[in-house]
Amino acid sequence: MDNKHLKELLEQVKSGRIDTDAALHQLKKLPYENLGYARIDHHRCMRNGVPEVIYCEGKTIPQIQGIVEKLSQYNENILATRANPDVYAGIQDVIPDCVYHEMARIVVVKPRSVNQVGNLAVVCAGTSDMPVGEEAAITAEVLGNNVNRIYDVGVAGLHRLLGVCDDLFKAHVAIVIAGMEGALASVVGGLVSCPVIGVPTSVGYGASFGGIAALLSMLNSCASGVSVVNIDNGFGAGFQASLINKAIAKNEDD
Amino acid sequence: MDNKHLKELLEQVKSGRIDTDAALHQLKKLPYENLGYARIDHHRCMRNGVPEVIYCEGKTIPQIQGIVEKLSQYNENILATRANPDVYAGIQDVIPDCVYHEMARIVVVKPRSVNQVGNLAVVCAGTSDMPVGEEAAITAEVLGNNVNRIYDVGVAGLHRLLGVCDDLFKAHVAIVIAGMEGALASVVGGLVSCPVIGVPTSVGYGASFGGIAALLSMLNSCASGVSVVNIDNGFGAGFQASLINKAIAKNEDD
Amino acid sequence: MDNKHLKELLEQVKSGRIDTDAALHQLKKLPYENLGYARIDHHRCMRNGVPEVIYCEGKTIPQIQGIVEKLSQYNENILATRANPDVYAGIQDVIPDCVYHEMARIVVVKPRSVNQVGNLAVVCAGTSDMPVGEEAAITAEVLGNNVNRIYDVGVAGLHRLLGVCDDLFKAHVAIVIAGMEGALASVVGGLVSCPVIGVPTSVGYGASFGGIAALLSMLNSCASGVSVVNIDNGFGAGFQASLINKAIAKNEDD
Amino acid sequence: MDNKHLKELLEQVKSGRIDTDAALHQLKKLPYENLGYARIDHHRCMRNGVPEVIYCEGKTIPQIQGIVEKLSQYNENILATRANPDVYAGIQDVIPDCVYHEMARIVVVKPRSVNQVGNLAVVCAGTSDMPVGEEAAITAEVLGNNVNRIYDVGVAGLHRLLGVCDDLFKAHVAIVIAGMEGALASVVGGLVSCPVIGVPTSVGYGASFGGIAALLSMLNSCASGVSVVNIDNGFGAGFQASLINKAIAKNEDD
Amino acid sequence: MDNKHLKELLEQVKSGRIDTDAALHQLKKLPYENLGYARIDHHRCMRNGVPEVIYCEGKTIPQIQGIVEKLSQYNENILATRANPDVYAGIQDVIPDCVYHEMARIVVVKPRSVNQVGNLAVVCAGTSDMPVGEEAAITAEVLGNNVNRIYDVGVAGLHRLLGVCDDLFKAHVAIVIAGMEGALASVVGGLVSCPVIGVPTSVGYGASFGGIAALLSMLNSCASGVSVVNIDNGFGAGFQASLINKAIAKNEDD
Amino acid sequence: MDNKHLKELLEQVKSGRIDTDAALHQLKKLPYENLGYARIDHHRCMRNGVPEVIYCEGKTIPQIQGIVEKLSQYNENILATRANPDVYAGIQDVIPDCVYHEMARIVVVKPRSVNQVGNLAVVCAGTSDMPVGEEAAITAEVLGNNVNRIYDVGVAGLHRLLGVCDDLFKAHVAIVIAGMEGALASVVGGLVSCPVIGVPTSVGYGASFGGIAALLSMLNSCASGVSVVNIDNGFGAGFQASLINKAIAKNEDD
Amino acid sequence: MDNKHLKELLEQVKSGRIDTDAALHQLKKLPYENLGYARIDHHRCMRNGVPEVIYCEGKTIPQIQGIVEKLSQYNENILATRANPDVYAGIQDVIPDCVYHEMARIVVVKPRSVNQVGNLAVVCAGTSDMPVGEEAAITAEVLGNNVNRIYDVGVAGLHRLLGVCDDLFKAHVAIVIAGMEGALASVVGGLVSCPVIGVPTSVGYGASFGGIAALLSMLNSCASGVSVVNIDNGFGAGFQASLINKAIAKNEDD
Amino acid sequence: MDNKHLKELLEQVKSGRIDTDAALHQLKKLPYENLGYARIDHHRCMRNGVPEVIYCEGKTIPQIQGIVEKLSQYNENILATRANPDVYAGIQDVIPDCVYHEMARIVVVKPRSVNQVGNLAVVCAGTSDMPVGEEAAITAEVLGNNVNRIYDVGVAGLHRLLGVCDDLFKAHVAIVIAGMEGALASVVGGLVSCPVIGVPTSVGYGASFGGIAALLSMLNSCASGVSVVNIDNGFGAGFQASLINKAIAKNEDD
């Protein structure tokens, strides 16, 4: 059962044409492959709309290679996140059809162009936050979103932020990425009327405590409409923002 | 300038009929009233679509009364959150046209029925999490969302959760509320394909550290698509979920 | 040796007319009175320009009374901070010539009008931060500063802050008081060119952790020129701001 | 006094054939050898049923060699945990009769086959948790348990876990190993009726805080029947699970 | 389907007479009752061998009453933990057939004598730890275990502990309860050869941080064979110890 | 066996006249009384030179009464610490021969005058630290030490400290008690040549975190010769200082 | 618009010759250059009196080079902080006119001599705190302040501090830098009558927790007049102290 | 003024033959040498009985060399702690008359034999704690104490500790060094009647949090008579223990 069939089934569930029980029954039939060290989940697509993403940290290169090989039999645009250059080389050895986004530390295996919809803003406070910003942006682009990168607009120079207000007002959803005191999430949250996903980063030193300061700051945002993901979790923000942006955009196109 | 006019102006900005600078110029003309202890923001509507919400903790009853009186001159369905019975009595004294949701600790001043759209699920792990669940649910209902309450489906009895899967699959957005270890956010996040907003609660004791355990758990969710708000912040989750659900639903209706 | 003489001696030291050793010798002669539970420091004036301040928390009312009685023999405008109504009543019993600032929780014993110089801004993010704001403002006023109170200008409604920019630009020093995520300190720090003293407050709940979120946020401010005092320490901010404002103002008047 | 004699004595104590005082008296006679840097405990067997385990971190290789040499005079199947390849090489130099489990970081000195009884499940949430899983599994196997490895069944793909329910239901005791939010312990705890030992791992980043998130999550498990060991402590879990599984299995065989 | 039938079905699953799928099918048929605020789980017995336990903190008395009424239709020996005297009174109003263990803060609804098997030791370091000890002991007794209470044997007076060694050596499983530095868990863990479940308590002050010191101490026990539950979680320790003790004892009796 | 005999035996051990084994044998014969909730240790005297001290927090008044009654059969000058007025009344009911030190929260049961030797300084930074200071001072006095109280000499007024240097230089051991930033321990530690025992107190607010700031400060003292006890642990400091002071003084008298 | 023109405009605003709105209008016209990864802020001078400072950590060398090149077109005395030797080499490649202060880790690009005014003391507790001290001192010197370095005067040897009192008394503002317990800030704060800016450093080990001990100590200073910046933030302290010292000195010169 | 003269003066102060003021006057005359980066304190001997100790971490080798050269002009047995082999080499280059204790990381410059008095026990829980143990032991030996090393007697094998009780009972003061859960301090504290100084070590992993677990454990010791120094601070413990042991021993010899 390839990607298309899974999507069809998913659509049937969403539209109510088949009931969930029947669909679950079909899903149970789908084999997941047990490699011993990993159970490849070929029908994750059905459940949340994207193929399994490979989080590379803590996995050996042979393990990653094994997972990539299996996934690439049925899927395209497979994301391998937190991938350093050695991981990239290892993936290339088994699937040469792949591309490496170095700053984002993401390998896209079997990259294919996708239709990009809506308007998803990725806003970074400082230049040092860009790796996390790129992780979010690449993730969102591969998942099919129009991404608008707005970088280096931290609150210490408020006029820089005010200068991009028009861009912010157009977004369906905004990812706001900041280290140090993470104040940008609150300020953007007070300006826009779309949902804001804050990503605290580990940029900073001393009492930033590896991102805790920014995390707490964002969790306590006095602006309504802000939620938060883990420190440096650009992928997670990109993924959730994609769910939101695409749901809004899809209906827009109708 | 009343609520309607603000909305009109907002629409013009969104549609591009007037540019942002022109709109900002108009906005600057709008007086906000300085009561000394508070600056009443009469055009917040324009910025994020809802009147100012009064967070009651830390404010004296006379301060709350003053703010309510001013806001109620131009607005309806004003939310006063974290309101204990004394606050409710104080508000009633100045604006009798109000209703108190005791479990949610919310007073709605000048409550008016609103059109409720879409499908916003509020999921609670345990009975003790219900006050936070109700804060989210009432907030979302007042802001114009169809809310589906799904309570007491914690992971210790997985079949209870599996029994409500059909409800979960229908949601545009799901708020997942849990104390103790907060595992429900990950499990729901792994099941659904809509965005999940986790709300850790302070339910628990000992090493729950007033909600830190659940907060960290949700921030580290292995399921993609989960973001998090502050501990016990039912209002914040309800507010952001409303932004998402209404944006999706509005387009659906077109 | 009364207040005036101490100041004279201090001036001599500063101007170099007598050397430090000689001055220290004179100082050693000054008795401090040992009440057993407290050593009354009659020449603190000489060292930092103000009479001893009584921090009331953790002291019994008889202890406070004893200290006030001794201090008031030689001093005026004595500050008793963190004073609840019982403490006020206790002080009144022994020195009726006193005034109570309830919101600031400060008793001023033997209040006398002082010349108020310069421009010291006290900026509060929210209404709930006002008790800390008043502690700073009253402290600064009693110590001889012109104080400009700017309240309820939190970053969630940025136009409120922009509306008071002119006031901010005039300040010699600004105290910025905020709870929750404390972002106001960074935003103000990025706007003004005077020193900013941040005071995190314990306003908030959940992951604000009694002010830790705001404290960390302010310590990690991306805006240069911001330093921080303890959570809820309005007195400390008012005291240091007074040192700065008066040093600048004094020379201005020359 | 070799291993066998110790076991005999131990059995006499357990069966009540000799009283504890008498046994303790015999034990006191047993020399432990003081190497200066370590006191080799030759009768630990008597007290908890296994020879002393060497925790290698923080010990120099000569110290480890000295301890291994002494222990191997009287014991077999000696475990050296947290052993890196250099430690392995060092042990091989003095006792060539040893085997290295690389992923588990365990050296077994004088490995001998043992009867493996009962049913001890080792469950891992993700591939990255496998090193801890193997530490637990190898420990349990060397101590004489049937081990059933169930890997990569994290809660983000619940059907993978449901697919192994039959295996879980057969276990006498289950070790559940998970990083990030550690939710697997609660979910397994809610499914099975045997004791569950949770092992939080340091897998994750940001707010996982080196395993704190998973640790707190497991300590606050809403499922009854879950206890927890230190972060990454596969050995400790394997050891305790072995005590439980063997006690149950032994009686089963009677 | 009453308690007996559930047990029968459970036995069939364990013995393999019916397969899990068939059993799950039957279980799904079992109604759980949705009271709105709680979903009563009538077949929890099947899953982990005991009726649902009511954790009373955070629940209103009417909620507790509703749950107790439903549960008591099909079950006996229902445990309501963390029950203060008001809760007890509330339960008595609806089910007079109940008993209150005040120190343990447990109400047993419809108490019935059960066969008590095996040997489960509950060891407390100090008198102040007794409430937690009693919570564990009462839980274990109601669940059908022989409990041996060994109180006030903290390590500061080692001879007291040595004086009860014989009792400790007889236990199938030992619960060790200690506040302050929690050292007793390690010392007992080093003496016995059965599994030890540590319960840190919040007894102490200052740097005990509400039980964190004891919790960390027990998690880092240098003695193998020790696992830990949440601070003050006597119930959880009693529950898991019961699973272990009964599994061992059951086979012993064969 | 009364107090005197225990001391004799202890002396014999110290002098080597009887060996430890023989002494331990005699000790084992000594009954400790098991009250169920407490094991009264009648030969603690032998081990550390003072009768058992009753830490009252967390104990019920009947438990305290029971322990006091048993201890007072064989001992005098029994310390009951952390005793509030209710505890005092409860003790008085069973043993009227007792005295209450209210600020120190200590009841001395069967108070008898003891020879007070040596020179033990108790130094407090501020008036608010006095309750902890008194707990240390009363403890030390009852245990037989000359105590020199030096209060309110915090570092903010350094000349007050310098004024008492002569007193400090005479001490055999100094207890330094301070809250807030706890700097006094370092400053005294840099001045004197005797051992300094630091006691951080919970005096302060905000980022003092209940004494953590002072605790960390003292643990990191740049002055050599400083060790630290738990926050607010006046008793512990008094006890250890007594061991040191009396050991030095005893030899002095020879 | 070069540096001089910006200053002129700034002066006009300060003197009130043009109003703020007019000035802001002019400022908005000023282009900031968007390099994609950074928005170069050419009119920061206007806002806070110094050109943008480059915080090098987390930026790639090409990014730093790009920023330096742009900034150096319009500015002199550009500070690049947290610059390691590689960064210095990278900057030299594009702008050879630069100097490296190795201990301070600061590169000054296009260094020009400036008029140094006032009296700014930089006080270090220990030799190991010097890198932070130099960061503060170099920053302040480049910004135009007379800096008086007073190093290695920690409180463990109080006479060393007392020996430099005369220097301290002359300062307009004092930066106090200390690791370990950070007591020096309180002691200096108690001695002087000028504002004190504390800089906790990460010097220490164990319970210094990377500077937390010193940070908390300084935040809780019992001496009034002390505020604090982030751990190791020599730059921030130098920057704020410069604002204070220059404001005082400027008026002095009038 | 050399070492001997300082000691003489010190003795005069102690004996009261000259008063403190006179002595201080003499001391003030003593130059300390300001090297710019360090102020060499030649009369520290007088104040606390030993020459300045050089804490090497964070100092450059040239700085250490400069300090050593100056100190060695007037002193012998100079301790350089936390010295790695490079530091040792650097010291050797300027003062070849030195010895390196590698495990203790201590260089003794101009080592001279000293009279060693009293009985100071250094007790280590595990082999991995030995570096800290040696730091304490070497420090104490150089300062003139008889040191009894008792290593690898952790509580997991209680009989090892009981086997060395005789040694423990003879000590004037005991240093107890332990990582992981640090229980040894409490157990030793309960056995002996001399003061115990606990040294938590960073030995451990996971929830030992770099020694926090052991630190908290020791601070909360249920045994009276235990105080604590910083994590891994063998030097500090050795120094304070030396003060205690020598004060007791000196009088013993009289």
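For reference, chains read A, B, C, D, E, F, G and H in written order, and residue numbers begin at 1 within each chain.
Throughout what follows, contacts are C-beta pairs under 8 Å (C-beta built on N, C-alpha and C of every residue); 3 or more make two chains touch, one makes a residue touch a chain.
Quick caveat: nothing in here was measured; it's all calculated off a predicted structure.
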Chains contacting each of subunit B and subunit D, listed by label: A, E
Third chains touching both subunit F and subunit C: G
Proportion of interface numbers common to subunit G and subunit H (over half same, under half different): different
Inter-centroid spacing, subunit E versus subunit A (mean Cα positions, whole Å): 43
Length of the line joining the C-alpha centres of subunit D and subunit G, rounded to whole Å: 54
Inter-chain centre distance, subunit E versus subunit H - centres from mean C-alpha coordinates, in Å: 48
Centroid spacing, where centroids are CA-atom means, of subunit A and subunit F in whole angstrom: 59
Junction residues of subunit C - those touching two or more other chains: 47, 126, 157, 190-191, 206-208, 212, 215, 219-220, 224, 230
Those chain pairs that satisfy the touch definition: A-B, A-C, A-D, A-G, B-C, B-D, B-E, C-F, C-G, D-E, D-H, E-F, E-H, F-G, F-H, G-H
Residue ranges of subunit B in contact with subunit D within the complex: 125-126, 154-158, 180-183, 186-187, 189-191, 204, 206-209, 212-214, 216-224
Subunit B-touching residues of subunit E, taken from the complex the two chains share: 27-28, 32, 34, 36-39, 41, 44, 47, 55, 57-59, 63, 67, 82, 200, 202, 210-212, 215, 230-233
Contact set on subunit E toward subunit D in their complex: 10, 13-14, 19-20, 47-50, 53, 165-166, 169, 172, 190-195, 197, 215, 219-220, 224-231, 235-237, 239-240, 243-244, 247-248, 250-252, 254
Complex interface listing, subunit A residues touching subunit G: 126-130, 151-153, 157, 159-160, 163, 179, 203, 205-208
